[in-house]
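After this come two complexes, each holding chain A, first together with chain B and then together with chain C.
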Partner chain A sequence: MEMLALLRGLYAIWLRELTRATRDRAQLIGGVSRPLIWLLILGVGLNPYFRGEVYGEVRFVIPYTYLQFLFPAVIVLNIMYTSIQFAVSVIWDREFGFLREVLVSPMPRPLILLGKVLGGSTVAMIHGGLVLILARFADVTLSPLQIVQALGLMFVLAFGLTSFGVILAARVRSFEGFGVFSNTIILPLYFTSSSVFPLDPSLTRAQIVTAYPEWLVFMVQINPITYAVDALRGILITFNQFPSAMGSAVIFGMAVVFFVVALLDFRRA
Partner chain B sequence: MNAQPDAAIVVSNVTVSYGAKRALDDVSLTVPAGASFALLGPNGAGKTTLISVLCTLRRPDRGSAAVAGADVVRMPTQARRSIGVVFQDSSLDDRLSAWENLEFHGLVYGMPKKRRRTMIEAALALVELEEWTHDIVRSFSGGMRRRLEIARALLHEPRILFLDEPTVGLDAQTRQRIWQYLETLRRERGLTVLTTTHYIEEVEDADSVCIIDQGRIIAQDTPAALKERFGQRWLTVLPQDQEAADAILASVPQVRRLGAQRLALPAEDEAATDAFLSTFRDRLSEVRFQPPTLESVFLSLTGRELRDRADGQRDAEKAAGRRGGQR
Partner chain C sequence: MTPARPHRWGRALLNIGAAACLLLGASLLPPDTSLNDRKASGVLKLCVPPSYPPLVTGKPDEPGYDIELARAIAGKLELRLLVNVLPSMGQDFNPRNWSLTRAQCDLVGGGVADTAQTRSFMQTLATGAETGWVIIGKSGAQLSKGDAVAVLPGTSGLDRIALSNWVRRAGLTARLAATPADLERLLTSSEVAAAITERYVAAQLSEGFSVGWLDPESFPVFPMAFGLWKGDQTLMRAVRQALHQLEREGMVSQLQDHYGVSRLGPG
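After this line comes the complex of A and B, so read on.
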């Protein structure tokens, strides 16, 4: 009976995040327009160059189009935005007093945080899932199994990044300070995750010649998002730049580590 | 901890500090079950801090506190189950509807579906919000929000209800209505109600009033007994100009300043009052006798008016706002 009561509480906190997300037009518009911009403009615009067809002359051939290559990365970008912006919801609860309503309830502290993070990750996963609707447009054919696998991985990734958002929220005092995040955290992480350009020079012989500077390769390799993007590419377009198990390991690792840190933060507060 | 068996709230020697500032200084009090208990004091007296300790949000630095027999530090979950809290500032989710806010509360308190349903309907009926059941809280007025919060705090049938300044910023009619609900509940369910307020007129009906100032309890009794013991008639006057005020302050030592302009003089001794009035009659623009009220009890005990400090603080906040929040 006691267990059932706790599950009810967990469900309530999860459901509240979902309800709030459906009522937040701005967030929804962002979730839909972002992938459209990235795929329709950047994807379509760079598509011919990626194939190596410069001025009609084929320089080198890659087994994927740029749109296909970019497609999984845009899913990750959408998840990153929604997850990390989740910190706003945490700050909101703290500043506008709703947090106290939960803190004086008999719900144990760790479950409160778990419910909140599960809610945020579900919303982020849905935002990532929205991109899948564009699969046909990006020339990606998906089997039901691929979709299930991708959604599973997206959820775990969202769980880790949402916990990261909670960690950020504990360190940011105001909403104003938060606007900076998208420019100082999300975009740099995204661009150095081998999302918009392939890293592995062995992909084609021709690209070995156009080697990247050392520092950029280093940035890409230490960026955990690199491995998340890679894991999703493995599922969606069966293309990996790194050992396939590595991506999943990094995604699960992030989920565990960030949630534990968020929990410690939350207990202290 | 040797509380009486029927005590709803027992606070023993609780001290809480925020940095160097002592918010509560060795506070002890007992509230019997089913009582209506009022904590009266100016802003910053430590009322909210005491509520935070009692609803397990703030650990006391020293001392102990128990609600419904459960120690707030050692058995917080049990303590939380028996209390309902209405905070000073709204803690509703204003993107959810009234129903959704209550449903959330019911779920978090582990109530099964059937009971949630009946209790939510009853709670909304109690505060007369049935018509707005599915409206989003953002569109609610201040009074409606407060009523919804009270409904929510009562949803899981707590034995003790904490209300931190429940009627601040509400119009007189809504205030009266809220006090009526609470009175009904207290009689019908034997609910213990602890209220903090700085509206004197609201605590006149309480069973017991505890006057708190600068983190210390300075008096605690029934309103009648407090008035009997500390209340005295006061004569408050408004001098015509600063010169007159200075003259009065210089010649009558018992006179106290009230706010920026008014002066107050104990008016128990008729001869002295008459002498004062005949001397300064022409230099006063306003004269008023105050019968013994809790307001005058507070004045006698602290030498200040309750509202003084409250207004002073508001001015300080406004000034801080103008400086752009910078110190």
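After this line comes the complex of A and C, so read on.
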């Protein structure tokens, strides 16, 4: 096939995913309700417990307020849900025969998958970007450069997680099964990503394990989402718990590895 | 006649626009009650040490840069400024022992440096003054290995560990001074070749010494700030807005000139 025709096919698949997701009000309601619940209710509800009462007292070791600390994590949560839920679209296409029709087209399978993953990533990035509207509420001041950098990082993260959603879809056969499965993956990954509590970067590992049990510290440190949240915090509130390049490296690595595995699964489909 | 076909992106844009509007509306909600509480009481409380010239002078007619700035901010917020002078401030290395509580202060001034350490327990709002380590000596004096230097760390939260490492690396002998007067006595009696202290402590010395920033490559200069309690977002926004308004009106630069806030050395 000609290069142009291939690109046109890729664009058509991307566009289909994008229009389908953005016309679906239920998905957008999810994209709005999550930041509202997490920032407005949980963030504001817990904020008084993380505020200072005595000068010099260190209750919350991060040089930011709890809302500022939570803000980048809520963006990652929104991306995680949208990306991984994207697998439903793959299951849907498989159930109703659309996937078969696309697979017998002259388009190479890697390009079909790329189109679908790019479509899912764009939708997830839009959902992550919507949270940026709440920056004023969380008292996070953003420059245009920070917004561009954050959207770029969100897109790469969404690409990796959407590919992960495709991997899940290849292993789950029903909508019902996927619903339960996705929640048992998203929430544990989110809660163990240092999203709602910080690991103080100024402390050594020996000091950290006096604050948290060692198994929890271990889970936080092996969770790739930890580094995604950290990279986004680095951009949005200039705070990193880990070396700043590490977050970007993990996100890029995750995107490549998950896409390759998804491709292997998709070829077998 | 067939009805006009809706635009391909019309529904999608409508949905995203509705979501964005909802979030925009939510972003206007106040995240806490700190400003409302101050408005209800009609008072903004500022905690300062008894003296930290030129930010706090202790003189009733010229109370100091921080106090006058806080008064102007309170005026913008239509509040009355209540200055709590707390002798405990600056008396101890550990600021926890200053016993400043939320009940006593809404703002903390008179020597708060905007460092990561300070920001771990307070929110800060830069006031236009700057601080850092300075070296004080008799004009033209050069330091050499083995010289004694008087050191008065001050209370603004500068990195003392980095300073002690620097003194050790330079092969100098440190002599701790207890007060600015003690520092001046050591300098004038030539018991030490030079003195190192925080910038506004140096401002309290008599004229006749040369003052310069200490090794600018090793020691950054930090903005001085008002400290606000972490979590008081609405009050922070209101104070920030008032401060920006005062900057635009030229009030901040007037006060800086009046108190010589940007002058390095004895004032």
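Keep this in mind: the second predicted complex is superposed on the first by the 247 of 269 C-alpha atoms of A that agree within 3 Å, B and C clash if a C-alpha of one lies under 4 Å from a C-alpha of the other, contacts with A are read in each partner's own complex, and residues count from 1 in each chain.
The rule is simple: a contact is a pair of C-beta atoms (placed from the backbone, for glycine too) under 8 Å apart; a residue touches a chain by one contact, two chains touch by 3 or more.
Predicted model, so just to flag it, every value in this text is computed and none were measured.
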Original post:
Of the two partner chains, chain B (first) and chain C (second), which one does A:L28 touch, if any: first, second, both, or neither?
Top reply: second
**OP:** Return first, second, both or neither, reflecting whether A:Q221 touches chain B, chain C, both chains, or no partner chain.
**Re:** neither
**OP:** Would you check which partner chain A:T184 touches, where first means chain B only, second means chain C only, and both and neither mean what they say?
**Re:** neither
**OP:** For A:T238, select first, second, both or neither according to whether it touches chain B, chain C, the two together, or no partner.
**Re:** neither
Original post:
Of the partners chain B and chain C, which touch A:L6 in the superposed model: first, second, both, neither?
Top reply: first
**OP:** Applying the touch criterion given at the start, work out whether A:V44 contacts chain B, chain C, both or neither, answering first, second, both or neither.
**Re:** second
Subject >> chain A residues touched by each partner, larger count belonging to chain B or chain C >> reply: C
**OP:** Could you tell me if A:T19 is touching chain B, chain C, both of them or neither one (first, second, both, neither)?
**Re:** both
**OP:** Go through the superposed model and pick first if A:P108 touches only chain B, second if only chain C, both, or neither.
**Re:** first
Original post:
Overlap of the chain B and chain C footprints on chain A, residue-wise?
Top reply: 19, 23-24
Original post:
So in the complex, which bits of chain C are touching chain A?
Top reply: 8-9, 11-13, 15-16, 18-20, 22-24, 26-29, 31-32, 47, 94-102, 105, 108, 116, 119-123, 227, 229-233, 236-237
Subject >> Contacting residues of chain A [partner chain C, same complex] >> reply: 18-19, 22-25, 28-29, 31-32, 35-36, 40, 43-44, 47-48, 50-67, 126, 130-131, 133-139
Original post:
Can you list the residues on chain A that touch chain B in the complex?
Top reply: 2, 4-6, 8-9, 11-13, 15-16, 19-20, 23-24, 96-108
**OP:** Over in the complex, which chain B residues touch chain A? Could you list them?
**Re:** 55-57, 77, 80-81, 83, 85, 87, 89-96, 100, 103-105, 107-111, 136, 152
